[in-house]
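Going by the order they are written in, the chains are A, B, C, D and E; count residues from 1 in each one.
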Amino acid sequence: MLPITLLSVFGIAGLFLGFKLSKPTMSLLTVLFIAISALVFFVPYDFPAELMGNMMVFDKFGVAFSLISLFIALLIIPMLGNFNEKEFAQPAEYYSIILFSLVGVVMMSTFNHVLALFLGVEILSISMYVLTGSDKKNIRSIEASLKYLLMGSFATGFLLFGIALLYAATGGFTLAGYTAYIANNINQVSPIFYLGLLLLMIGLLFKVSVAPFHFWAPDVYDGAPIPFTAFMSTVVKMAGFAALYKVISVSMVGLFDFWWTTLAICALFSLLIGNLVAANQTSFKRLLAYSGISHAGYLLISVTTAREGSDYDLLFYSFSYALASVLAFYVLDAVAKATGSEDLDALKGFAKSNKFLGFVLTVSMLSLAGLPLTGGFIGKFLIFSSAIEVQRMAWLVFAGIMLSVVGAYYYIKPVAAAYFKEGYTGGEVEISSGKRFAIAAAVMLTVVLGILPVVFSLFYDAI
Amino acid sequence: MSVKILASLIPLLPFLGFIINGLGFRTIGKSLAATIGVSASVLSFGLSVWLFAAMTGSGVTTQEIHLFNWITTENTNISFSFLIDHLTLLFLLVVTGVGSLIHLYSAGYMHDDEGFGKFFSFLNLFLAAMLLLVMGNNFLVMFIGWEGVGLCSYLLIGFWNKNTAYNNAARKAFVMNRIGDLGFLLGIFLIYITFHSIDYNTVFSQALAGSPGEGVMVAITLLLFVGAIGKSAQVPLYTWLPDAMAGPTPVSALIHAATMVTAGIYMVIRANVLFSLAPFTLEFIGIVGLVTALLGASIGLLQNDIKKVLAYSTVSQLGYMFLALGVGAFTSSYFHVMTHAFFKALLFLGAGSVIHGMSGEQDIRFMGGLKSKMPITFITFLIATIAIAGIPPFSGFFSKDEILAQVFVHSPVMWGLAVVGSLMTSFYMFRLLFLTFFGTFRGTHQQAHHLHESPLSMTLPLLVLAVLSAAGGLINFPQLFGGGQWLAHFLAPVLGGEAHVAHLDHSTEWMLMGISTVGALASMGVAYSLYISKKQVPASDAVEKGMLSRLVYNKYYVDEIYDTLIVKPLSSLGSLISEFIDTYLVDGIVQLAGGLTIWVGRQMRYLQAGNTGFYVFSMVLGILIILTFNLLF
Amino acid sequence: MTEIPEIIRLVPLQHFMLLSAILFCIGVVGVLTRRNALIIFMSIELMLNAVNLMLISVSSYHSDSAAQVFVFFIMAVAAAEVAVGLAIIVMVYRNTRNIDVDFLNNLKW
Amino acid sequence: MNALYLTLIPIIGAFVIYMAGSKNAKYLALFFSLAILGFGLSTLLSFNPEGGLQGVWSMPWLPKAGLYLAFGIDGISILPILLATLITPFIVITTFDKKLYREELFYALIILAQGLMIGSFTALDSFLFYFFFEASLVPVIFISAIWGGANRIKATLKFFIYTVFGSLFMLFALIFLYGETPGAHSGLIADFHKLELSSTVQAVLFACFFIAFAIKTPVFPFHTWQPDAYTEAPATGTMLMSGIMLKMGLYGFIRFLLPITPLAVSEYGHIAIILAVTGIIYGSLAAVRQGHAKRLLAYSSFAHVGLIAAGILVFSKDGLSGSLFHMFSHGINVVGLFFVVEIIASRTGTFELDKLGGITSQARWLSITFVVLMLGSVALPLTNGFVGEFLLLFGLYQYNPLIGFFAGTTIILGAVYMLRLFQKTMLGNAGSHVKNFADLSATEKWVLIPLAILVVTLGVYPEPLMKLTEPAVKQLIETHYLGR
Amino acid sequence: MAEKLFYFLSFLSILSALMVVFSRNPIHSVLYLILTFFSLSGHYVLLNAQFLAVVNIIVYAGAIMVLFLFVIMFLNMKTESEKPLSWLMKLSGTLAGGLLLVIFVGVIKQADRFVPSEVDFNSQVGLVENLGAVLYRDFLVPFELASVLFLAAMVGAVMLGRREVGERNF
């Protein structure tokens, strides 16, 4: 609870400080704010339960998810540097909105009462609508914002209708209530409950851009300014999965037989669409967007598995995916700045004049492709090795593994362009020290997660 | 020094010669290279003689020398060991003896060649490999030598490697040999599987003790014989041998007449126990041998290249040897191997001497009247011709006659055919002799001017070989003439399988001898009348020939048939694979799979048309499907 | 404690739920068949109101106040969403002079 | 510990080389490769063939999941490890005469590739194996795609995608097996070996493993990446791929396929063997008419490894011993031959056989070494090639004489295409591109002469190497072979 | 009586909701939507949720819809501004919505009829007093956090809605 409070306060404070402070200072300050809020998780202080009203539970899962989300957000903050240079940019607002949206993230990761979920989703979504459209002179950004808004609120409608139906069936809003209802009526679950569950699930699937509810994602990711795309495809997605996992895999696990096929098929479709369409992209940014859909598919496999330890798998995978994505977006940001293009062709020969970023790109792509030496591989391993325990999901595991080959194909394309081809038009890209720090941290972590994944379980055990 | 070391030195010395000359090529002077090469072979000849003397003196018939384990796995153990017995000793003597002479000859013959040192090194390597072949105590060591001599044959045929035709000939020889080698290798596998060993002693004693069944024996021996077919140039794998004449003449003499090509015979004699247990194979060998003998001889009738004639003659003579093997006359076969080694080496060296004198000319149509210019060559060549024609009292008569006698016992029909072959032999050899040495010189003026007798290093071996060719028959002098058949007795311990050879009564034997001798003389007469009396010279290639003679002149078109039936189809298959099947079919499927995946992705991509209405509609559609699916089913 | 209101006794809860479902679906149809961003947005508001109706009716039948507070939050959120949404629509209009969603398809494939 | 050092030192070395800059890169690379070779030799000296698994080092990797960072050496892996340590110094030296773009990266990648490849041989945990199996692709890909020929990117990508595609099958199989292990699960290969799986499951796993390793090796019809990749890669990349990398596939057959799915091997092994043998003939025939020297060698390598794969799948002592030995000798021969071809191409500027010829009279040392390597490749007795091929063919012949015969045609066809290669490049009249051909330089001699000596030495006296593998092969067969 | 009122209000709300969707003129849509809200407020009153009925009027009909109206008038939207959709899309859209409704109806009809028991029924839950107590006790945290939402929305709306240099007002 304390981190949420702090984030809100810092957000407000940021708005005011924005009048006085320069852009780099704001950036640094925001990093500091987020870091403090994250550290506060470790302060052994609990709000009185009666004040909490059972809205949120700061359990291991929620705290871990919140922490890594905050950490990823921390890594993304320096990326705003380029965007902040636009003449209409309002850095203080961006930072504050990000801080506010992080409140939503923490709420989604730790909710117990679906109202907290709903509020969290909305805080996050509304912030994202705004941030997506923040490149105000760019028609693509605006279009993305509108599409996101319309489809997002449409999905929210389904989410709410689901919640309402669940309420009609169970008379409550808490996850514990749902679990209890299932336990008490295991043989005569009301059809209304089923319907509500499905609609709630659909609402959340939309938020995490799982096929067939993924249509918004490529366009929105494509249109949004790069740092916010990075934010959306990592932090927002992670929060969505945390919520989905809590709702479906934890509280509804008694109805596993009911929902697993749906999720499995959605996962399959995400993998298919994400991978196959990404393979046809010429724009690096859009490629990353589709790759996000395919990773949603992998994460959904973990959600569907719903076994003991799946939470850890989910966490690990999201973290490694987010790290790699952030790196990819950093590279994209640099290339876009240098060449003015977000296409794959803009990357041609990029690594020759930008050795560091070339290396970063390689690490990131390898991790996203799930090749060894990187966290992406361990993440995939964890997910698949859990999923294989559920015998009937073997086909999904097989499909997931096999579709990685398509992933390998399109992830290697940027690397191949950067290293093996000629024709880079931009010069050497200046990387500010903040960015350098963030990138270095993410690279290190990606590699460390790949080679010594023990580190992550140490972190997890420490919470 | 122990026998082990000395025996090992026999192949090792030439091998060292090979290393020294091979690595020092172009840095070692010619005389030194010759010294090294010749002395290596002479030394190993000396050692062989010593070994021969030591073993016959002490009465030891066999001696095994274990050197080291070569290939060992959990259930296979193949050692690198030597077996010295009487058969080996005889081959050692022939190989090193003839080999030394030819080394000596080469020192003169190759003197002006820039690859002099290389030549000696290869020659030494050949000697080493050939010695390994005959010294091994198991089939695989024989196989080492077997392939080793094949390699040397390749290297030496293509010795003048700027000439593409020579290179092709070399390649052809190696590849054809390899076809046989595969059979040999498979035979070795089958032997191993049957007897769990490939040591001669173990295999033979087991085969004698309890035969594993005739079928298996036939299979083993047929496979081994395939190896022999390749190495010893029998039908159908004989075509490489005439082409092999591309190599320098000493090579033809040593490898393609005296030693390497007889390796097949050595192998059959060595494995006589196995072959005797497979009568079918023996019959088959006999037929193959007979066919080869006739085919080779008939082609030889009309060839004009001095070396080609000799080459076909070799093919034909090898056929006789196999014929002998086929009727179970292993001693006779070996006897012929030995005499053939003498007189055929002599013929080749003589031919080499002629070619040397003629500055490289090999076509007998452009020779003639050389007997006065090259007397030593002429006389030795004459001796060899008489020997090969089977006219008494030279060695060829005895060895060939023994074979014919044994064949007669086996089957008079085969004998009849064999005699026909022998008549042809006599004819083409005398044709060769007459065209080359008699009459008037038909070459260019320049050649005539240059014509000379060869140097001593070349004529000395000729003389030695002439003596051997003349007197070689003594070694197995038939009982008929009061001889003791020393060779037969000497080889008896080795030939476990020859027990059944029948003996003819003397009158039949006399008759057979008479027929073949008279026939040979008659053929000589025909040749004399044609080429001396009528002074005919074979027509030039441009002249139209009768169908039969054209067929024979073009070697029955066997090369062309092989080319169209085997080489061309395989090589077009190769082109087809590498240019079409691999890129378009096999890889096509791969590319198609990849392409299809991408294509599907591209189609899916069109769903993402940027149309919010459609997006929302798809979402609702998705919801509908999920709801229907979950709530109805 | 107190008397059950007439409507709760007479009208089955299902009818309220049906009404709510009907309104919700009308909202969905509106989203699906209209291309004016504002009207789509209004349809979405309609859907939210359907949810509100559902929650309130169930809440009243169960005499549980939590859902009504929930509705309160939904209204608040809806208001916030509308504020942002209208800002975005205005921004779109400023840049394109059009708020037809089909008109906007720069982002595709 | 040795196993760990062997894996780790090159990886560290690669970083050192990269950091040290391009000036001393080649010498540092040579230093490291020699150091590893020394280390490999000392490992060899201390290796006890009867001692089973040795030099073990392990620590938990993913403790909860039962994965270990476990390294060790046994009789199966000792030869591939030795090969990797032995070949790399030569590969490094081959480039000494050249001026390369970004040398520090180049040499770092070579040494890194070596480390990762050794890692795949020393890994005792299946996922660690997979890890190295995939990771070793990365440096090789980079070497090929940065320093390669004109079509390098396309060929390299194809290679990459194809291999990854294959190894994903393996990943599936490994994950499945992992799920089958009792209790808290374990990824150790040894634990996989203990599993008793039903025949259907084995069949599926067999298919997965076979595809994975067949692509890596490659076995017909999964080979089509190979000619392109070998041709387009720089010589160094080709050597790494053909010399060491493809051994990972063969090693995988022995390590995974045979012991884990013995039932399926006895049931479906013949299909795989027939494919492999088809590949021998197919590859040989394709090589026979090949006009591009490197492509010819690529097909030849494909044919040879087909034989090795077939020999492995026979699952007999002869086949396995032979395959392990032949893996070793194939590595030596193929590296040597590719280097020879590279030398010729770098001096004449072409790989086209029709434009070459007549080199032998100008380059004696090249001729000698080329002949020796060629003889090793055509498996002439007393060269290293023969020992392996003999055992492999023997194993195949015992399996089925007809298959043995078809596999045996490699003896004939091998001679056909290798002699053609030799003749077209070295013999005859000087080709259009052959002018003033310089004989081997000192550094080139340092590569080719030792390799040639190895070819002969191993052929004459293979026993020490055979002894290394014998107990392990015996143990493998006795524990897992089920007859057919 | 209450029953009839319910059905009347239901009819009214459905009709006006349909009109929202089918009106060509956006202003009509807005007005019909307001009508829908009013009828829904009527339902709320019937259900004893007077507080929410009032809030609904104030927030929705009063604030939100007026905002809509303003925007429409600012943008000066004409009826024709919307390109008519193809009948196919319209049909399929309607069909999809109809199918969705069928599923909902099917599910809801299957549900057991709920009859509140006389014993623990509380008609006072919808009153402001009661709600206030719940809101500030159980829902305190979300209540406070809703302010974050508002703040974010406000900042965002201002940020996006602000006219940049060189941009037109509307």
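Just so we're on the same page, a residue touches a chain if its C-beta (ideal position, glycine included) is under 8 Å from a C-beta of that chain, and two chains touch if they have at least 3 such contacts.
Here the structure is a predicted model, which is why all the values come from computation and not from measurement.
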item: Smallest count of steps, each to a touching chain, taking chain D to chain E; value: 2
item: Chain D reached from chain C - shortest hop count over touching chains; value: 2
item: Chain located farthest away, centre of chain D as origin (C-alpha); value: E
item: Identifier of the chain whose CA centre is least distant from the whole-structure CA centre; value: D
item: Comparison of B-E and A-C (more C-beta pairs in contact); value: A-C
item: Between chain A and chain D, centroid-to-centroid distance (C-alpha), Å; value: 42
item: Rounded Å distance between chain B and chain C, as computed from the means of their C-alpha atoms; value: 98
item: Centre-of-Cα separation between chain E and chain C, whole angstrom; value: 4
item: Separation of mean Cα positions, chain D and chain B [Å, integer]; value: 37
item: Where chain A touches two or more other chains, by residue; value: 115, 119, 122, 126, 129-130, 133, 136-137, 145-147, 150, 154, 168, 191, 194-195, 218-219, 409
item: Junction residues of chain C, two or more chains touched; value: 13, 17, 24, 27-28, 31-32, 35, 41, 59, 62, 64, 66, 73, 77, 80-81, 84, 88-89, 91, 101-102, 104-109
item: Contacts with two or more other chains, residues of chain E listed in rising order; value: 85, 89, 92-93, 96-97, 100, 103-104, 107-108, 111, 138-139, 142, 146, 149, 152-153, 156-157, 160
item: Which pairs of chains touch, using the document's own definition; value: A-B, A-C, A-D, A-E, B-C, B-D, B-E, C-E
item: Chain E partner contacts - residues on chain B that touch it in the complex; value: 613, 617, 620-621, 623-624, 627-628, 631
item: Residues on chain E engaged by chain C in the complex (per definition of touch); value: 1-3, 5-6, 10, 13-14, 17-18, 20-21, 26, 29-30, 33, 36-37, 40, 43-44, 46-49, 51-52, 55-56, 59-60, 63-64, 67-68, 71-72, 74-75, 77, 81-83, 85, 89-90, 92-94, 96-98, 100-101, 104-105, 108-109, 111, 113-114, 116, 118, 120-126, 130-131, 134-135, 138-139, 142, 146, 149-150, 152-154, 156-158, 160-161, 163, 167-168, 170
item: Sites on chain C touched by chain B in the complex; value: 28, 31-32, 35, 101-102, 104-109
item: Footprint of chain B on chain E - complex, ascending; value: 85, 89, 92-93, 96-97, 99-100, 103, 106-107
item: List of chain A residues in touch with chain C within their complex; value: 115, 118-119, 122, 126, 129-130, 133, 136-137, 139-140, 142-147, 149-150, 153-154, 156-157, 160-161, 163-165, 167-168, 171-173, 218-220, 222-223, 286
